[in-house]
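These are the structures in question, set out in turn.
Both of the next two complexes hold subunit A, though its partner changes from subunit B to subunit C.
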Partner chain A sequence: MSDGTQQQPHRASPRNVPGLLLSLQQDRFSGAVSIAGSIGGTIHLHRGTIRAIETPGAPTAEALLLKSRRIGEPEWDAACTAAGPDGPLDTTLVDQGHISAAELEIVCVGALYDAAFVMALSTPDSWQVDREAPTPRLSHREGTDPRRLTEETSRRVRLLAKSLGSVREFGQERVRPSARATAGIGRLSARYRDILLSADGRRSPRDIAFALGRGVYPVLLDISRMKALQLIHSRSPRSLRPPRPALRPATPAAEPAAPPRPPTGGGLPRRTPADRRPESTG
Partner chain B sequence: MTNPPPASGASSGDLVKELTGLRGQVLGISESIVATTDGLLVASDTANVQPESLAALSAASLALGKRSAAEVGLGSLREVVTRCNGGYSVVLAVGEQALLVILGDEGLDLTALRREAPAVVERLGGLLS
Partner chain C sequence: MMLKLTCLIVRSERSQVNAAEAALSGALASPGVVGVRLVDAVTGLHYAAVGDASAVGQGEELAETVGLIADRLNQAGAVGELESVVVTSTRSHHITQVVPRGQDPLLLCAAADRDRTNLALAMRHMADQAKAVLT
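Coming up: the complex of A and B.
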């Protein structure tokens, strides 16, 4: 067993992240691998199996639980307090009756596979192995075999590529409902409806997943089906344009006291004595 | 850092372009605004928040952060980060007279934001000068 605190070089330099994970599995490595790239992240391993992946590209188990309201924020805070800084948060959540052990396990495994899928959509610039990295508070306790994770990730990418083409590019596109979807939204399933209501033309599938507290892969799967049904449009992030006049009132109905002035020729807007309302005399 | 004296020729479209560009560069950014340090909105890339309210509150939080930094002697303020259960608000000074506010979800890539923000702040400062 190679668990220890000293960093050791590996047999041969792996060519990619799956290769690295297999190498670490052979070493029964415990610690973390930090991946740098356009979608970076941290892969947490225990004795060679993968317990959790944290990446800005996919919601963590915590985000899934809170945003989907499976667990309320006060209950979450209370469980964190009861578990203490290094205590078993998963056991505490279950013991306090906020979630069943099976459901928590499903959420943790789902978040793990989802994060692996998202990270596979970008090419890593570099990676760093760290034996001392702290482990996340929620993780897949048994750990996942790296080979199985890689196979499932490849299967997901292949499946989506059939309908979307480049999954990597589509994952970055901004989506919005089509006129057809807007007209018939009442007849759609709740899952599709939620996605359509979140798809405001500014959000990517990843952003929608975070907004809904769902995985990125299931959201992309739904979007690919909705795209086939012509319920959703997408546009490249390269075509990002200001969605509306920049210096608009917040809501059309609102009557702003003093609309912001563009900094064109007149300098930055400034507060003047005239902006201040006289004090009420009762 | 560039101090933005009163703006002379910046287009609000250029400012918004910087904001939308940053949203495209950093994972997790949902909305952003540029405001003056006395809380008036200059430009926004928003969808759900009230940008005028955000401008006023963020100006206050930046001022409070600067005063706090001075009081405790920890050096000059780099940013004011408010972490909530549902995401982040990050306030950055743009020179002495303006500020940039970024709202992000729970997955906001703070590392990428800290990498990209200095150049954006400098360009915003240039546009406002």
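Coming up: the complex of A and C.
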């Protein structure tokens, strides 16, 4: 294993991840590249082409299959058992009739591009190349050309930046339906309806993607369109924080009187800020 | 160039599916069809193509056009899911068929030579192919 920031194992010491992937493609590299950063992840390559990308910022192919209910949990477990720990899970899923080969391939390719998009929203701190890393059980067998992946990722970021400004910030904002959307929800497409029903004012677009079993980019794209149609509103997480409390008095004597406790005996006791104060200062 | 746009809105139906490449090869069997492309209906991501894919157009443009039509029709009061978009010009036909797939539908898009194509038959053929593409 080598560290991309300290020792460059490949010829012209690539300056960024796309450069590194092109270099690895020329070497027909098989293995994994672990990217460290605020949105890190692992890029799996086979003979220079990209087979899968795993990042906590985007749903994996497995998450997409299960959360979208394309495959049920019992069927998934049965296929995992039949394939064994190191067996071909993708082939088993197809052979057992849980999903078609075409559908599985489309899900794996979609997950790969989505993960690349999410990782492109942050600047990597460093990377490590590992020839011995295990390959994920579901991947794009044919492999994706790194140049095509880079071009598509750049296009996606540019497209969303045009309508949303900072894509990364918008991805963390909380979204909720507008009054207009609520009034006309029956007329909207099923895709928009599902997003509106998931947008409860506490979830971000990324949360919605995970909840629905969809990619982060398609959900962001749908939400940007819905925002343009005034179907959805967004709020920055900062605006949701409660107002900052006044500074605590330096002496207990100056502390204001605790609010009266609610009467006990009716319902559960409620914790108030005054209840927490002694423990937190103690 | 004379341009005619026809949009069909119907209730989406759960389709049955077949391997993508085989289904696309089958789509080329329709007389006059010169190229077929399978793309993601939301992102425009290209998944597969047969024949002259350049005649069909880029995936992102196809997805954006179909998304725009669906949004505007819904705004105008249309109810239901967009099923197909047919664009005819003096030289060719472009048939785009939505492949229902949960919240992430696909687009099966074909370009056909106008002089050699019976549009009604080609549309029916594409609708059949859309039902088979993921089975």
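What we mean here is this: the second predicted complex is superposed on the first by the 232 of 282 C-alpha atoms of A that agree within 3 Å, B and C clash if a C-alpha of one lies under 4 Å from a C-alpha of the other, contacts with A are read in each partner's own complex, and residues count from 1 in each chain.
Here, a residue touches a chain if its C-beta (ideal position, glycine included) is under 8 Å from a C-beta of that chain, and two chains touch if they have at least 3 such contacts.
Please read all numbers here as calculations on a predicted model, not as lab measurements.
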Greater residue coverage of subunit A in the superposed arrangement, subunit B or subunit C: B
First, second, both or neither for A:40, with subunit B first and subunit C second: first
Partner chain(s) touched by A:84 [first = subunit B, second = subunit C, both, neither]: neither
Touched partner set for A:134, first subunit B, second subunit C, both or neither: neither
Which of subunit B and subunit C A:211 touches, first, second, both or neither: first
Subunit B versus subunit C as contact partner of A:165, first or second or both or neither: neither
A:63 touches, of subunit B and subunit C: first, second, both or neither? first
Touched partner set for A:200, first subunit B, second subunit C, both or neither: first
Residues on subunit B engaged by subunit A in the complex (per definition of touch): 4-13, 15-17, 20-21, 23-24, 27-28, 30, 36, 38-47, 49-53, 55, 85-86, 97-98, 105-109, 111-112, 128
Touching residues on subunit A, where the partner in the complex is subunit B: 39-40, 55-60, 62-63, 66-67, 73, 76, 200, 202-203, 206-207, 210-211, 237-238, 240-243, 246-248, 250-251, 256, 260, 262-271
In the complex with subunit A, residue positions of subunit C that touch it: 12, 17-21, 23, 40, 42-43, 45, 47, 60, 67, 70-71, 74-75, 77-79, 81-82, 101-106, 133-135
Parts of subunit A lying in touch with subunit C, wherever the complex brings them together: 68-70, 100-103, 105-106, 109-110, 113, 152, 155-156, 186-191, 194, 212, 214-215, 217-218, 221-222, 225, 229
